[in-house]
Every structure is written in C-alpha cells, then in structure tokens.
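Notes follow the structure.
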Amino acid sequence: MGLKARSEFLYFAWRNKKLRVGLAIILFFALMAIFGPFLAKYPPNEYVEVAAFPPSREHWFGTTIFGQDVFSQFVHGLRATFIVGLIGGTIGTLLGILIGFTAGYRGGMVDEILNMITNIVLIIPTLAVLIIIAAYLTVRGILTESIFIGLTAWPWAARAIRAQTFSLRVREYVDMARISGMKSWRIIFGEIAPNMMSYLLLVYILQFGGAVLNAAALDFIGLGPTDTVSLGLMMNYALLWAALPLKIWWWFVPPGAAIMAIVGALYVTNVGLDEVFNPKLREL
Amino acid sequence: MTLQVENLTLYYQTLRGDARALEDATFKMADGEIMGVAGESGCGKTTLGHGIVLLKPPMKFVRGRVVLDGEELPIWDMERMREYRFRKISIIPQYAMNALNPIRKIGTMIGEVVRSRGIDYGAILPELKRRLDLVGLSHDVLKMYPIELSGGMKQRVVLVLSTLLNPSVLIADEITSALDVSTQKAVMEMLVEFRDRGFVKSIMVITHDISILYQVADSIMVMYAGQLSEKGPTEVIIHRPRHPYTKMLIGSLPKVGVRYAETRLSGIPGSPPVLLDPPPGCRFQDRCPVAFEKCRDVPPFLEIEPGHFVACWREY
Amino acid sequence: MTRYLSRKLLIYILTFFLAVTIDWLIPRLMPGDPINVMISRLGPRNPEEVKLLRDYYLRLFALDVPMWQQYINFWKSVLQGDLGRSTLYFPRPVMDIIKAAVPYDVFLLLPAILISWFAGNNFGALAARRRWLDNTVLPIGYILTATPYMWLALLLAWALGIVAGWFPIAGAYSFELRPHFSWLFIKDLLWHWFLPFLSLFMVMFGGWAIGMRNMIIYELEADYSRYLETLGAPQSLIRRYAFRNAVLPQVTGLALQLGTIVAGAVATEVVFAYPGIGNLIVSAIQNQDYFLIQGCFLFIILGVLLANLFIDVAYVIVDPRTRLGMAGEVA
C-alpha cells in the first residue's frame, strides 16, 4: 500500500461511523479483559460473600448463589472469550487461507478434491463435532478448546477465499509472475495475498466472532474448559443452579450481554471496513 | 431538430466533493443523424449519454436544458422522466451483456416490461418477432434464459428491446468494445438499418474508438475532460480537424480503421485534469501545444462553418 | 439439473459415510469403559456376576470381534436402524429414545426456521426501501444475530416466564399431563413451545433480515435493474426482480446456516429443558452414554442432510440456471 493509498484508507476509516463505534466497543471490552482481573477484588471462584447478593458498591455485579463475586468471574470470562476468539479465529482463518488458496490457485484435480472435502465438512454441524471432541477430552483447557474450535471453523473461509483466488489468479500481474517462472507459493503470498488483505481481514473478523459464539455454546452445555471461568460457563451455572426461579438475573445477564456486544461490534466493524475497502459501498 | 442540448452540466457527487464530469454541453442532433461521441475514458461522454436517459445519484443535475422533438425533457426528475424513457429516448448500455434479468425467460421479461408501460404485449409481439428476424435471432430466444445466449446475442436482444417502441433518440454506449472486429461491423450496420427503417430517428454512438464511427456516423463530437471540443461531419473531423485535441486524437491513429487502445494518448504529454477541481478555462490547456493567455477563459463552442463547431480560442 | 443434483447427492453420501465412521470411532476413542460404567451402575455383588454381565454386554455391543468386523457390523446395524442400547435409560434402545425426541425437534425447528426465513426476507426487503426503517432494522438485526442463542433464551425465560409469569420455562408439556389428543393438551403443548420457538425465531430473524437487506441493495444496483430503469419500468417491477434474485443466495444461505441452527437448537433446548435431541445429547454426554451420543450425532447429521436435500430441490425450482445444467448456484 502506497503512502497515498494508506492515508486515503485512514481518512475513510476515520470518517466511517460504523467502524468507529464497532472498534470503540471492542476496545472497551478488550481493555476490560486485560485490566479487569487486576481491578477485581476477589478470585473468580472463591466464596466471598453471602449467597445471591444483588449488585452493590462492594460487589458491582452482585454475587452468585455460592457467594462468588460475579464481576470477578465476568472479567476473567472476558479474558477467556478474547483468547478463544484470537486463537480460534487465527487457526480458522489460517486453515481457510491455506486450503482456499491452494484449491483456488492450483485448480484442477487438487481443487476438485479440496472442494469436495470442504463441502463435506461444511455440512457436518460444527457444534456436533465439537461436542464429540469435547466429550472425548476429560480435561479441557481454554487453549485446547480454542484449537478445536479453529480446526472445525475453516470450511466457509476456505470456500470464500477459494472463490476470491479464482478471480485473482487470472489477472495480468499473476500471469506475468507465472511466465517469469515464479514459484507457486511465492505467487500466492507475494502477488495474490496482498491484493486480498482487506478481504482476509474481513474473514478473520468473522472467524473471531464465530469462535466466540461457538465457545459460548460449548461452555454453556458444560463442555467448556474445566479449569477456568468463561462467560458461557457462568450462564451454564446460572441455569443449573436455578438463577431463573430465584431471580438472580445479575448472574446471567452480564456474560451474555458482553458476548452480544463483542460479536455485534465485530459485525458492525466488518460492515464499516467493507465500506472503507469498497468505494462503491461508501455512503454519500 | 430531434435533440437539442443547451448548457447541460452534470456533476458526480463524491466524498471529496463534486466531480465536474460534464460542463456546459451545447449541441444539436438532426433528424436521422447518427452522431458519434468520442474521447478518452473520463471525458464525460458516458455521463452525457446516461444523464439524458437516467439521471440518478451519484450523478447530479446542475443546469441546462434537453429538448427532444420540441419538448423539454425533465431529466432532473426521476419520476417524470420515466414516461419519456423507452418511448421517446432509449439506451443500449455498455453492460448490455448483463442487462437482462438472469432468472426470467427473455420473452417473459420483455412482456413484463412492456406491460408495465401500459402496452399490450400481444399486440406488439408480431413486431418484436419481425425485429428479432432482422437482427438474426430465432424466435426461440423468447423462451430462453439469458444464460443460454452468447454475449452478442444478448446485446442484439437489448438492441431490439430498447428500440421496440420506436424512440426518437437511441443512445448506444460502447456497444462494440467487447466484440471482435467483424462483429463490430455487423452491429454498427444493424444500427444504420434500424435508423433507415425508421425504428429510431437519431442515434448517439458513444465510443472511444473513432474508427468504428468512420464507417457509419454522419457526424462526430469529440469531448475532453467534461467539455465539448469539436463537432462536425465525419469527413471534416477525420480529415480537417481544427481543435488541437481532435488533431492529436486523429493523429494518434496510424491510419483510419485501426483502433487505438483506451489508454493515455501516446504523444500527448500529461494526463487529463482531475475533475474535482479543474483549472479554469479550457481543460486541455496543460497538454495543449498551442495554448496561450486566452485559454484561461472557457472557449465558446462556436460554429466556424456550417455544422462544424469548435471550442478553441485559436480558431476564431 | 441431473448433474447438479447428482453432484450434491454424491457429497451427501460421502458426508453420511464420514459421519457413520466418526460415529463408530467415538466409543472406541472415548476415555473410560462404557461397559464398566454401566456395570458399576447396576451394582453387582461379586466378581462372577461382574464377569457374567461383562460378557453379556460385550455380546450386546459386539465388542468381542476384530475391529474391521465391528465396523461392518456397525454399518449393518445402522442400516437396520439398530443403534444399540442406552446406558442412561437402560435397557431402552437408542433408536426408541431418539424417535421419541425427534418430533419435538421438528415441531420446534421447522416453524422457527421457515417463519424466520420468510419474515426476515420480507422485512429485510422492506427495510431496503425506506430509510427510517433501514435505520432501525439494521442495528436491531445486527444485535439479534450477534446474540448468543442461550442468552436470549435465558432472558425470555426470565422476563416472560418468571417475572411476567406468562409462560412456563421448562419441558414440552405440564408434568401433570400425559400426551394425548385433546384441546387441553395441544394448548399446553403450544404454551410450552412458544418461548423456545420465540428465542430461536428472533436470533435467526435478525440474520435473514440483514442478509436480505444487503442482498437486495446489491441487486438494485445490478446491471439488469439499471437497464429496467432506463426502460422506464416502475419501481414495483424493479423491486420484484431484485427480490427474486436476492432470494437465491438466501436459499443457499439457509443450507450454510444449518450448522449454526443446530447449535442454537441445542442451547435453547437445554435452557427450556425441551425434550429434543439437543437436550438428549447433552444429558447423554453428562452421563457418558456413548451409544446415545452416537445415535444423536447420527440423527443430527441425518436431519442436516435431509434439510440440505430439500433446500437443493427448492433451489433448482427457483433458479433456472441450475435446471439448464449451467453453473449458476453458489453453494
């Protein structure tokens, strides 16, 4: 990206309201995930107070039925959420890039086979596979969860990137590179990938959001990490320990609201970025 | 006069401000005239063609009058203009190959469009079929989906549909750019035939390829950076151009009949001015070899001999 | 068309094959010995009894033959509809348990998917034509589709179930009732159905509305729409064409969303203790009932495959290009 193009990008990026709002929300929660645990006065799982205490000055988000501090759990859970998003999203995107580029660039039989595999894996519901994997692992950490989420999330990304690569590989500069005898991987990463950076960023954002939602679902049905707190797990406990009939709303409202806000902000950022990258979509 | 355009000025709204795509265009098209409009990309020729038919954002009407058969067209009013489109003025767009709804049979689509304009499809069907014969298409295309047709066939369908109601003016926008040379000739001949048979009165052929105009156009209008440079009978423009830009344009053709690529003109240093904030006066002045003081003012588009208009201070 | 559908069919058959293979592998890869778990649950008193039970179960689950034979046997029994016996609900056959759960899934998911799809599409198309509507629908749509299914379910259960007290928050029908055909029972069934349906509906609705809104704006900018405008066609015709074209990716989108919908259904069923397969698979996992997990997994795949097939046929009907054997589809 030339200097002029970059300043133009920043100019439109700053002017885009969706991008500003989305990034602000993500940043807010990211800061909370990083610094929140230092602010929290109690360890997340320690029984510190009378049970089911509503939000107060001492316990900002109240306490659980066991007397744990909800705010402590919340900020630690946020951390877990961002870790899953980062790792799961990265793995999913990288796999998608690898498979999508290879299929789209090589074409022919390689594409035929990879596409077939992608289509098959695409049909099998991710959560069903994750349930089985999670049930197989008795001890689960946040890292393993992230890795498995990433490993099952690539198909749609691979397909989207494959389609993009198809349209790019017939471009002139790619032909030039090929004629001049450049190696395939160098053409892919030297010529095609830079022209798709914006698209890959959008894919990554969606993978990030998808990983967060998948982790929440997995944690909620009790197959999440066994050694730490997470937002999904908080809701799981809230449901199991009758937060509904006991009206302990402060137990399950914050974790879900945070997931919704983060994922929603990711989507909005995505739309904003899309508008910045594609001049056609810019509002006049 | 079929078409009279006076001071037509159209801008494009962009985030950085208005791009002054067409400035004070004033010209006439006679009954039966096939007029070519030529120039580099970005010269305003497409803005002119589309602005007359379908003026919608980001294109913006600034000023001017368009008079068709003695009646002023409300081109700034999307709704009122609807009545004139198709019946009085029509276009074969550059994207003719993608202009048909991909999931409707061609006959069904034509029927729906025609009926939506309050015309009985059954009554017009025989004429539609006659015209399909004329352009060498079988009647079966009416039962086909666009994907079953080649690009050239789709373009001919669009030609037939656009002219079905015998409009006064047809605007043909870059209709030859995607075709090979032999097909180009056939398409241009169809245009002439449609004119000769009275399906359309006058045709405006927008192209970057002057050689295609030489064969069929009665007159040629040359544009540069949103301004009209020169208009005159084809013979005159090709052999005795007066505007320095036209001279270079014609001169850059090794000989008539050879196409030049739509890139920057070789031999003319510089590039067209940015239309967001063009210099005052003649917009060609920075690249013009004969520019002088006076070019800081906009030159009028004056008739220097019957039917030959030039916008250059050196020629008056 | 035959080429299009047969290609799809091949993918589905391969998918099914893969799913059955994964399914066969599960209990063989899982930690813990399902038979030990089961025997300990029945509480035998002496080693002979343990051995007796063990032999019995080994025969029952056919674990006493070589691996390849087990695999072939597994296929045989799957094709015969024999999925083994549940250890959690011993000795009920897994097939019976699942058969009892499937109607609830159909009853819950089919209306939620179809109604949200139709409503979302129409609403999204409507939003694209009015700015004020667009300005409200778009944010609401993004919020809804970003909402985790279980959280919305929890919120609805809390607000409409507990606080307002309008709806029950657990089960498919009241405890005191037995399933039978009467107005009383049907009313009770619908009463319990409403909240899980609503939470699934709302999340999906947001996604469809946004998808349609974006697609239709894209289609209204398409060349064929522009050409219609140059022909002076009325907005109604242009919008009708754009809608028809914009629906196509929404149909394929439905196929792509099935995975997410399954996840949403599992979470929602858990919140409302709704007796579908989602609830079943979770309790099966909690109790290490591997045969039941197998069966649920297989049925989820089967359901998804059936839905895909149905969507394919629908797509062929709406997109003429697939009928002509030309690549027009995106999936």
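The chains carry the letters A, B and C, assigned in the order they are written, with residues numbered from 1 in each.
As a working rule, contacts are C-beta pairs under 8 Å (C-beta built on N, C-alpha and C of every residue); 3 or more make two chains touch, one makes a residue touch a chain.
A quick note: this is a predicted structure, and the numbers were derived from the prediction, not measured.
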* Structure fact -> Most contact pairs found between chains A-C
* To do: Compute the centre of every chain as the mean of its C-alpha atoms, then state which one is farthest from the centre of chain B.
  => C
* To do: Please work out the Cα centroid separation of chain B and chain C, and write it as a whole number of Å.
  => 55
* Centre-of-Cα separation between chain B and chain A, whole angstrom -> 50
* To do: Express in whole angstrom the distance between the two chain centres, defined as the mean CA positions of chain A and chain C.
  => 22
* Junction residues of chain B - those touching two or more other chains -> none
* Asked: In their complex, what parts of chain B are in touch with chain C?
  -> 53-54, 56, 81-87, 90-91, 93, 95-96, 98-105, 112-113, 116-117, 145, 147-148, 158, 161-162
* Structure fact -> The residues of chain C that touch chain A in their complex are 11-12, 14-15, 18-19, 22, 26, 29-32, 142-143, 145-152, 154-155, 157-158, 161-163, 169, 221, 256, 258-259, 262-264, 266-267, 270-271, 281-282, 285-286, 288, 293, 297, 300-301, 304-305, 308
* Where on chain A is chain C touching in the complex? -> 116, 119-120, 122-129, 131-132, 134-136, 138, 156, 209, 213-214, 216-217, 220-223, 232, 235, 238-239, 244-245, 247, 249, 252-253, 255-257, 259-261, 263-264, 266-268, 271, 280
* To do: Using the touch definition up top, name the residues of chain C that touch chain B in the complex.
  => 222-224, 226-234, 236-237, 241, 244-245, 248, 318-321, 324, 326, 328
